[in-house]
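Okay, so chain A shows up in both of these, paired with chain B first and chain C after.
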Partner chain A sequence: MSRSDQEGPPRYLKDREEYFSDEQRKRTTVESRKMEKRVRENLRAQKDRPAVMKYFDDIHTYGGIRVKELKEFRKTGGKVVGTLCVMVPFELINAAGARGVRVSSGYYEPVHPANELLGDAGLCPMVKSTIGAKMVHSDPLAEEIDLLVCPATCDGKLKLAEIYEDWAPVMMMNIPRVKTGDTTSRLWMGEIKFLKQKLEELTGRKIKRKALLNEIGKWNDAQAAWGRLLEYRKSKTPPISGQDMMLIAQASQKDEITRWTKKVKDLEKELKVMVRKGLHAGETGAARIMLAGSPMIYPNFKIPSLVEESGGLIVSDELCSGHRIMSDPVMLDERSMSEMLMALAERYFFPCTCPCFSPNDDRIRRMKESIHLFGVEGVVFHTLRGCHLNNLEATKIEMKLREAEIPMIKLESEYDDGDVEQVRTRIEAFVEMIKTRRAFSVKKEGSS
Partner chain B sequence: MSEPLKPYDVGIDVGAISTKVAVVDKERKLVAHGVRLTTMEPGKLARSLLDEVLKEAGVDNGQIQYIVATGQGRRSVDFADMARTEITAFSKGAYYLHPESVILIDIGGQGIRAMRRGEMGIIEDFRTNDKCSSGTGSFLDAMATALEVDIKDAGSLAVSSCGGEEVCATCTVFAESEVVSMIAKGKKKEDILAGLDKMVARKVNGLVNSMRSKGPVFIGGGVGENIGVVEELKSVANREVFVPEHPQLIGAMGAAFMAPREHEGEKEVRREEVVVKKRSFFDLFRKVKR
Partner chain C sequence: MDRFKGSIIRPWRLLFQFLGVAFLLGQSFGLPPFGTSPMLRTLFLPNASCRYVDTAPTSCFYYQFQDGMTSGASTYYVDVIVVLLIIVLMVLVLGRIWCSWLCPFGLVQEGLAYLRENLNIRPYRLKWAHRELLRPVKYVILFLTVLLSLPIGLSGLGLLGCQSTLALPFCQVCPAKGFFTVSEQLLGLEPWGTALPLLAIVSLLLFLVSSFFVKMAFCRICPMGAFMALFSRFSLMWLEKDVDKCTKCRICLRVCPVDHDRVYEDMESVDVAGSDCTLCGRCVEMCPEEGCLSLSFGPKRLASSKKPGRLGFLGMFHRKEGK
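Up next, the complex of A and B:
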């Protein structure tokens, strides 16, 4: 059970407010803001970018409209629930009358305050950044949460949640990491029921059957709209870049979902016009790349932007910061409360192919399916430093992909700009390799 | 299109430590070359080095068809017609110089790159060192400086050793302090150098083994000039190791080889029609359920 129920002194950092200097707080805030602005400008500089994308930029803007809305919402007594994972059912949060936001951090600068406290022990930079941002209060979005829901997926997240308790109430969810059999389902179902209870306690409102049904409907609409966007990525010249798609997917975990769905539908209309005009994202004959591996949370768009600057175009991804957010709708058989909870539990658990699960053969099956559907020519597998689970799975995936004659490159990166040029060289070489292979296979086909 | 091809192509490899220029003819023979340390203005340096090389070889600027840049500073060579990564360039160079080699190793000033070659010289897979420059040219350079040996003599001196020392540290900074302590103990320079070379060879061999092929190895890059490392690698690799005549120039030559041979138009790229099929998400967890 969570410690947040009981009052008491902080466990990790006794003098949590005095530990960091004002100078450091200020620097982290300024640098985070600068970084977000730089990344946003970089995204806006993409050629033939749909105009609707500005809306999604605004949702992600540092201290932008979404933060203001949530502030207003909290003033009227509303509760905001932060999440750290794609396995938290947003339908349930919304049905309780609360708002959900994903507070995993993609900012580089907060890594430093976290290092100061935890030491640079090869920990995952995303974990360090998330905790660091909370320590020095540098992420305005993370400041607006009343409860943090953290599924204990990997070791990093497990302890992250524990440390986070010094700053905000935390509810941890026990993820059954061995993904087989009946006990798995039972444990996870119990956790979902516990989450429901916790949310009801937080908002002081019972989750009604009708409200939940309504929310499931809204989210399923959103999934359907996302599914229609995907169709455009299958075309030979996709009108939308992979970075933008990732931005849209991540916006769904911050925004009001009905408004998000509406904007996605607007985008779809705009894409239709673009296709008619023959406009497309990326350069002509770009290598069709799939992104895989560790999550890339906005504004950490280092790898995707390098791929798309080096003559590649991301046509698919299997990231929990991208397609996996929206990949599957909730399937309802019956409309009783228990059946709905069961359906939610299934949707948020079984399709998730996080490497924290074993067996996880489903991941490679889904990857192969996407490779086929989206005409992927090469896979860029990105691991954050210290992401042991992805590192361990990378080799297996590489072997399986080699059987299917799909080349894969594994890149390890951190939360800083220091390795940009090295990574760029590798990605460029990878793209060159794909293009040569393509030209060669055309030659071979022609001669035979 | 009707214009006849000029006889020479130029490859410029702007590496982290040194800049290499190679002039090749249409038979892929090396005509002239030059090497100089990379400066803060790689573009200017490349131009002046190229002019110098051309003057020495008596080749006129007008006889050059294509200039291809490669290496980490390839983008700063503004007068080049094309820029390709050092990985692609090196594999091209190695393929034309020794087509039998399957694993291609490029040990440069700050990077070690390993490639596996497939059909037609196309690379199938490659790996590079991550963030750490241990075992590269600058590592050996630092060690030679610590031992007060000219880097040019370091290889031959190491070969003259009767039994090498064991160097354990792989980090440049730690290895240097280890070397200093060995000097303090009165160990011979050649033995220390041989130990260092053995360490580098082991590191490179690890990379060779990770490429999952039993084929012959091609060694290039500046460290390929160091006979000490090459000899050690030959003894640990347990397979054929090929060293070209000018290991340092492979990248630059490969870049020059990439210049279009004949007037090939942009090839139309065909791809299989992408089959649009409705995904059946639920088949999966229907099965798992209950």
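Up next, the complex of A and C:
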């Protein structure tokens, strides 16, 4: 939506459209497209990659089919709602007849315009990239949104949403960050009801009980399909890489969910055949890695690709840009509107282990359970520079994992490629260490 | 159906509940073989076989309990003690399974909730603070019953004269008394115009209205439940929680008909049944984490929570997801 359809003066940038030079806009766009292409090709180069994955690549392609579909959809009067967080219920968006897309940005180049304008070099690069992309209109997907729903999880996103208002209508959601039972539940329920109202205003139609029930069903189907994919990651030689799994999970927040579910089911069939043929992802005897920490939004797949190129295989993650998108179903007890909303509200809030919450002991408990279920041998904890919440939790988590004798490496990264070689060296050393440990423990078992 | 996880335990429970009601009504109305068998006559169960059914050859346990206290001093309360021991034994083995699998009060309340649900009316959810306030009320009622009944029976206190007015204090406000006296007159089993117990009728109305809006409203103050609650934490039947698997999603608390906080809050104990859980198994059905919650008997897990889409209880209702 262009500025002119909105009321009131811009809050931050008076000469919004003139501030950035054409040259800069162009560069950001070109660089973003190039980066996405590079990352996509890198993913395609993975060995024994299931053919269905091409579909998920296409969903993510810069200016690809999904963008075209959304354009068409908007031409017929449809509304597209952008989100910035896993705590926004897509069921509700879809039930209102709108489409949801997560517009958090993984492109590196838009960080620069944001830096230039905001002048906060220490701010989280994901936040900067997201706002930067909007400022110079370099992300075709983000150009298609009619409303941005942004839960105010951290300081960065709080202000991001505020600035974003210069470019698109924004609805912020208050996250009760101190997570205690009843009061929190009621507060958050209020936010969800408010979201419902906003969505109804946007699309001009009431959210019907049946429609919501239907959407919840679709998303639960999607979760069940995802759950079956996870089973493959438990295998000694998983047939699918962690990068691909992240790509699939993130696709669910861009795609039509029924189509996504169908493709995941197709993939499942393909994986079954692969397993029979003995094909698997990663190198033989790869170190089983869990990815944790700050979100990694496609195409910012730097860390996961480094892990999987260095003799590791990501068998599990606890990222809000990965497994956590699909990790908790909505369980309905009763089916009146307010009960369904409550079920929905609680599903998106209580099991969420975002570090913005306190207490957040659930996070380490869930990590440990996944470590156990997926046979994880080491944890790569990644934080984006400026993400205090994850940075601070990392220390606590490292201590706890040490007690459980699970090695963890903490990596801090920026949105650029400058540190690739340095990070690679560290990851390689980490993977080597895991393999040595493994050999050692086998010897120990053998001798005892 | 799969997508919302259907009922796995509920159908079984309903079956038991209906059988239970049939049995207890049979017992109350003295239908053969119930009324004639001496064994069944002396079966005093909570909230069952209401004494205010004229033909009832027996009574509910709470009646026996109150009656025994008022009049049993001369026999050293042998009757009361035997009845109580039987109930305690039952609770020690089965926990409060009585409540959600057999109690007719429970069934009626669930029926009302079912009706409400189908009328698309949302339940009234008690606030946490109010739940906490309500929690001790049932014990207070139990205590008051004893406090009122015991002195009457002690001849030394000279209160024997009150037997006709103050005896059986709980019965006077029990919804069952209201229900049976009214319905017997309506059915012509009782002559018209016999004095109606107003108090009991008021509480019947309260019972109906409150449990229409609040799930299991009466259970929250039921003194028989309170008595069972005193011992249920030691029972062989229990609610098992594998805390490592719990994601703190709050589903168990949201679906629990008696708002048993502990199943959600407690992250230390293995047994989270405590005193208020009636072992209905709803949370077990709905918890989405594989093996996180179980209804267990001793060391054996009778039913455990499953990932949605992977149903199954006794292998009978097993359906594959997406079929």
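Here, the second predicted complex is superposed on the first by the 441 of 448 C-alpha atoms of A that agree within 3 Å, B and C clash if a C-alpha of one lies under 4 Å from a C-alpha of the other, contacts with A are read in each partner's own complex, and residues count from 1 in each chain.
The rule is simple: contacts are C-beta pairs under 8 Å (C-beta built on N, C-alpha and C of every residue); 3 or more make two chains touch, one makes a residue touch a chain.
Worth saying up front: this structure is predicted, and the values here are computed from it rather than measured.
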According to the stated criteria, A:K236 is in contact with first (chain B), second (chain C), both, or neither; which is it?
first
Looking at the overlay, what does A:S338 touch: chain B (first), chain C (second), both, or neither?
second
Based on the superposed arrangement, let me know which partner A:E346 touches: chain B (first), chain C (second), both, or neither?
both
Which superposed partner A:E369 touches (first chain B, second chain C, both, neither)
both
Considering only the touch criterion stated at the top, classify A:A429 as touching first (chain B), second (chain C), both, or neither.
first
Partner chain(s) touched by A:N220 [first = chain B, second = chain C, both, neither]:
second
Applying the touch criterion given at the start, work out whether A:L158 contacts chain B, chain C, both or neither, answering first, second, both or neither.
neither
Now for A:D328: first (chain B), second (chain C), both, or neither, which partner does it touch?
both
In the superposed arrangement, which partner chain does A:S185 touch: chain B (first), chain C (second), both, or neither?
both
Hey, what residues of chain A end up touching chain B and chain C alike?
182, 185, 327-329, 331, 346, 350-351, 362, 369, 372
Sites on chain A touched by chain B in the complex
182, 185, 231, 234-236, 285, 327-329, 331, 346, 350-351, 362, 369, 372-375, 407, 409, 412, 419, 421-422, 425-426, 428-429, 432-433, 436-440, 442, 445
For the complex, which residues does chain A have touching chain C?
181-183, 185, 209, 216-217, 220-221, 223-224, 227, 265, 327-329, 331-339, 342-343, 346-347, 350-351, 362, 365-366, 368-369, 372
In the complex, chain B residues that touch chain A
72, 84-88, 119-120, 122-126, 128, 130-131, 267-272, 274-277, 279, 281-282, 284-285, 288-290
Residues of chain C that touch chain A when the two form their complex
2-5, 117, 120-123, 127-128, 243-251, 254-255, 261, 264-265, 282, 286, 288, 307-309, 321-322
